[in-house]
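Order of writing sets the chain letters: A, B, C, D, E and F. Residues in each chain are counted from 1.
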Amino acid sequence: MFSVGVSDHVMIAHSFADPTFGPAQKLHGATYGIEIEVRAPALNVHHVVMDIGAMRSILRGICETLDYTNLDEHPAFPGRTSTTERVAEHIANELAEAFAGLAADAKATAGASLRVLLRESPVAFASFERKL
Amino acid sequence: MFSVGVSDHVMIAHSFADPTFGPAQKLHGATYGIEIEVRAPALNVHHVVMDIGAMRSILRGICETLDYTNLDEHPAFPGRTSTTERVAEHIANELAEAFAGLAADAKATAGASLRVLLRESPVAFASFERKL
Amino acid sequence: MFSVGVSDHVMIAHSFADPTFGPAQKLHGATYGIEIEVRAPALNVHHVVMDIGAMRSILRGICETLDYTNLDEHPAFPGRTSTTERVAEHIANELAEAFAGLAADAKATAGASLRVLLRESPVAFASFERKL
Amino acid sequence: MFSVGVSDHVMIAHSFADPTFGPAQKLHGATYGIEIEVRAPALNVHHVVMDIGAMRSILRGICETLDYTNLDEHPAFPGRTSTTERVAEHIANELAEAFAGLAADAKATAGASLRVLLRESPVAFASFERKL
Amino acid sequence: MFSVGVSDHVMIAHSFADPTFGPAQKLHGATYGIEIEVRAPALNVHHVVMDIGAMRSILRGICETLDYTNLDEHPAFPGRTSTTERVAEHIANELAEAFAGLAADAKATAGASLRVLLRESPVAFASFERKL
Amino acid sequence: MFSVGVSDHVMIAHSFADPTFGPAQKLHGATYGIEIEVRAPALNVHHVVMDIGAMRSILRGICETLDYTNLDEHPAFPGRTSTTERVAEHIANELAEAFAGLAADAKATAGASLRVLLRESPVAFASFERKL
C-alpha cells in the first residue's frame, strides 16, 4: 500500500448551538492545520499515487471557500454544527468530488482511499476517512 | 471512519531487568509525549466522535497516576518490564475502562477503537491499539 | 544568560477594520499557539529562572480571559486592531504585571526580560519582547 | 496491535525524466525525513515489538547507501524514476530483507507489517507499507 | 521589540569543492525549510511589524529563483561554496533589497533587522541576521 | 551575525531536594531534547560558522556521559539540583571546553557565543547562553 500526503491550513470563526460544548458555544475561531493523505494499492503510470500538484491546488481551492469565513453561515453545517469532525468530512467529500474529475493519469488507482486530518490546536485533532 | 485525538505527557523514571536493553538496564527516565486517538465508524448525537473534554480529563487523570513516579515500583510492570509498548498498552487499557463508564451521549459509537502512541524521544515511539 | 519557556494556546474570533488586511476584514478566527520565554542573567535561589509552575498557571489564567472570545469586543484592541503583534503585546503586559506580584523567591532575578511568541498558522508567527 | 517507530534522514540529489514533473525534471535535491514503523499483533519475549537498536542501526546502514548520492545513478530507480513513493518502497524492501536476517528474539512476531514514510518538505510526504 | 515571521521551503542540489566536507563533496541535495523573521522596535501604522502578505510573496519570489536548481551553477556561490550559512546570507540580502522597495506603510519601522534561518535536516540548521 | 545549530537528546532520571518542586521531589525522569546553537559575527575559512561534524560528535560525546544515568549521583549537580537550567549550563560549559580544543580551521571566529536549549516536555524548555 502506497500513500501521498500534503498540508495546508485555514482560519475560520464559528460557534456551537449544542450546550454540550460549554464555552465553545460563544463565537470563537480556529486555525485548522489540514493534512490530507491518499492511499492506493499501486502507483499510477507516473510512479506516484496521484498528481501531487493537482492534489495541492485542489486542496487550496477548497481551503479558499472556507478561509476567513464564519462557519456558522456555511450551508454545510446547518444549526451551527461545524465540529472539527464535520469540517474534516466536508473537506474530504469536496476533495473526493474534485479528484474524480481529474484526467486518468493524474488520478489514484482503483481501490484508493482518502483521509483528511484537521489539527485545531497543539493538543487536539479530528479526522475523516473515506473511499475515493 | 472518523477519529478524534488529544495529547498529554508524563515524566517517569525506570530501568529494565532484561540484559537485552544494554545501558537502559541502569536507572534512567523519559518524557513520554502521549497521543491518543479514538476511531469510530459514525459520529454520536453531538456531531463528534466522543466528548473531547471527557477524553482529555480522563487521560489527565491516568497521567497523574504515572507522572513523577518510578515505574520499577508500579504493579503494572512486574519485573521491571515497563517498555514503551507496555506503558502504551497499560494506558490504553485504563482509558478503555474509564471510557466505558461515560454517559451514552459522551461515548463513541459501537465499533470504535483506541490507539495510544508514546513518543519517548525525537526519534522513537511505540503504540498500542485495541477495540473499545 | 538563562531562560525558561512554557507553551499554551487559545482559540479566538476576530476581524480587522483596516482595509490593508484584505479578506481578513471578514470575521474569522485563529488558534494561537503561545510560547513565552523569560530570560535572566542569573538563576534564583531555587536554581531556576523563575517558578515554572507559577509561570504556567499565570499564563493559563490570562489565556482564559481570551479563549473562546471575539477579540473585536475586547477593550485591549479598540477599533478592531487585534493583530497578532498586538495580542502578543497584550499578553506580555498582562504577564509582566502578574509576575511582579509573585513572592521574591518565585520571581526572576533583576535584569530579566520576557518574550511572548504567537503562532497563528504553521507558516506565520509574531512576537513581543519587553523588560520585566 | 502494537507498533514501534524510529526516524532518520538522508540528503539526496535527483531529477525526473517524465515531463509530468515540470520543474522537477531539472536536477535538484531533497532532505528526506524518514519515519519507519513496525506493527505486530503481539510483543516478543523482551516485551517489545522488535529490537529497536537493531531497527535503528539497520535503517542507518540503508540510509548510508543513499545519503549524499545522486539517485539518477542508482540502479533501484531506472530511467530517473525516484519518486518519493519509489524511494519509500525501496527502503521498505531493503529493511524487510535485513529484518528477516535478525535473530529470532530480535524480530517482530508473525503477522508483522512495516511502513516507511518519507517527508520531502514541511508540506508533503509519501509512504509505502508491506508485510514482513 | 516586536517581530513577525513566515516560512517557506526550497529543494536544491549542490556539492562542495572543499575537502573538509567529506561525503558532501559528492553531488547531493537538500530541502531547506526557510524561516524568516523581521524584528522592529515599534509597529507601523497598520499595527503590524510589516505587511505579512508582501513578506510572504517576496520570500516566495526569491525561493522560485532557487527551487529545483543546482546551486553549483548559481553565481552567488562561486567555487561550489553553497554552505547553509551562505544560502541564508544570500536569501537575507535578496529579501533586504526587496523590502527596501516596499511602500512606506508596508515596511518595518526604522531600526528593524532580519533573520533568515534554514533547516537542512531534522537535526541541523544555520542562520544569518542583518539590519534592514 | 551567523549561526549554526544541531540537535540531540538524552534520557535521564533525577529528583529534587528542594521542597519548592512539589511532586518532582520524587524520583522521576526526562527525555531532554537538546538544541545547541553557535553564533559568530563572521564565517571561518570553510564558509561555515564552525565544523558541524565536530559540533555533532562533541555534543554526542557529552550526551553519552549523561544518557541512561541518574543525575542525583552526578557531581555537577550537588544536593540534587539538576534543574533543566543547570543541566543546560553544564552541557554548555562542557561544549565550550571541547570546542576550545578544536583545530583553528574547525572553530568559530572570535566573538562567538553558544546557546544550549533543553526541551523537557512538549510545553517546557530552559536554556543557557555564554561566550565561547
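Following the convention adopted for this analysis, a residue touches a chain if its C-beta (ideal position, glycine included) is under 8 Å from a C-beta of that chain, and two chains touch if they have at least 3 such contacts.
Note that this is a predicted model, so its numbers are computed, not measured.
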Chain separated most widely from chain C, comparing mean CA positions: D
Pick out the pair in B-D, A-C or B-F whose interface repeats that of A-B, meaning over half of the contact pairs match by residue number. B-D
Max Cα-centre separation from chain A goes to chain F
Roughly how far is chain E from chain F, centre to centre by C-alpha average, rounded to an integer in Å? 27
Could you grab the centroid distance between chain A and chain F? Build each centroid from C-alpha atoms only and quote it in angstrom. 41
Distance between the centres, which are taken as Cα means, of chain E and chain A, whole angstrom: 31
Residue ranges of chain F touching at least 2 other chains are 7, 122-123
Chain F-touching residues of chain E, taken from the complex the two chains share: 18, 20-22, 81, 83-86, 88-89, 117, 122-130
For the chain F and chain E complex, residues of the former touching the latter: 1-8, 43, 46-49, 51-53, 56, 105
Contacts from chain A onto chain C in the complex sit at residues 7, 9, 11-14, 23-24, 26-33, 67-70, 120-123
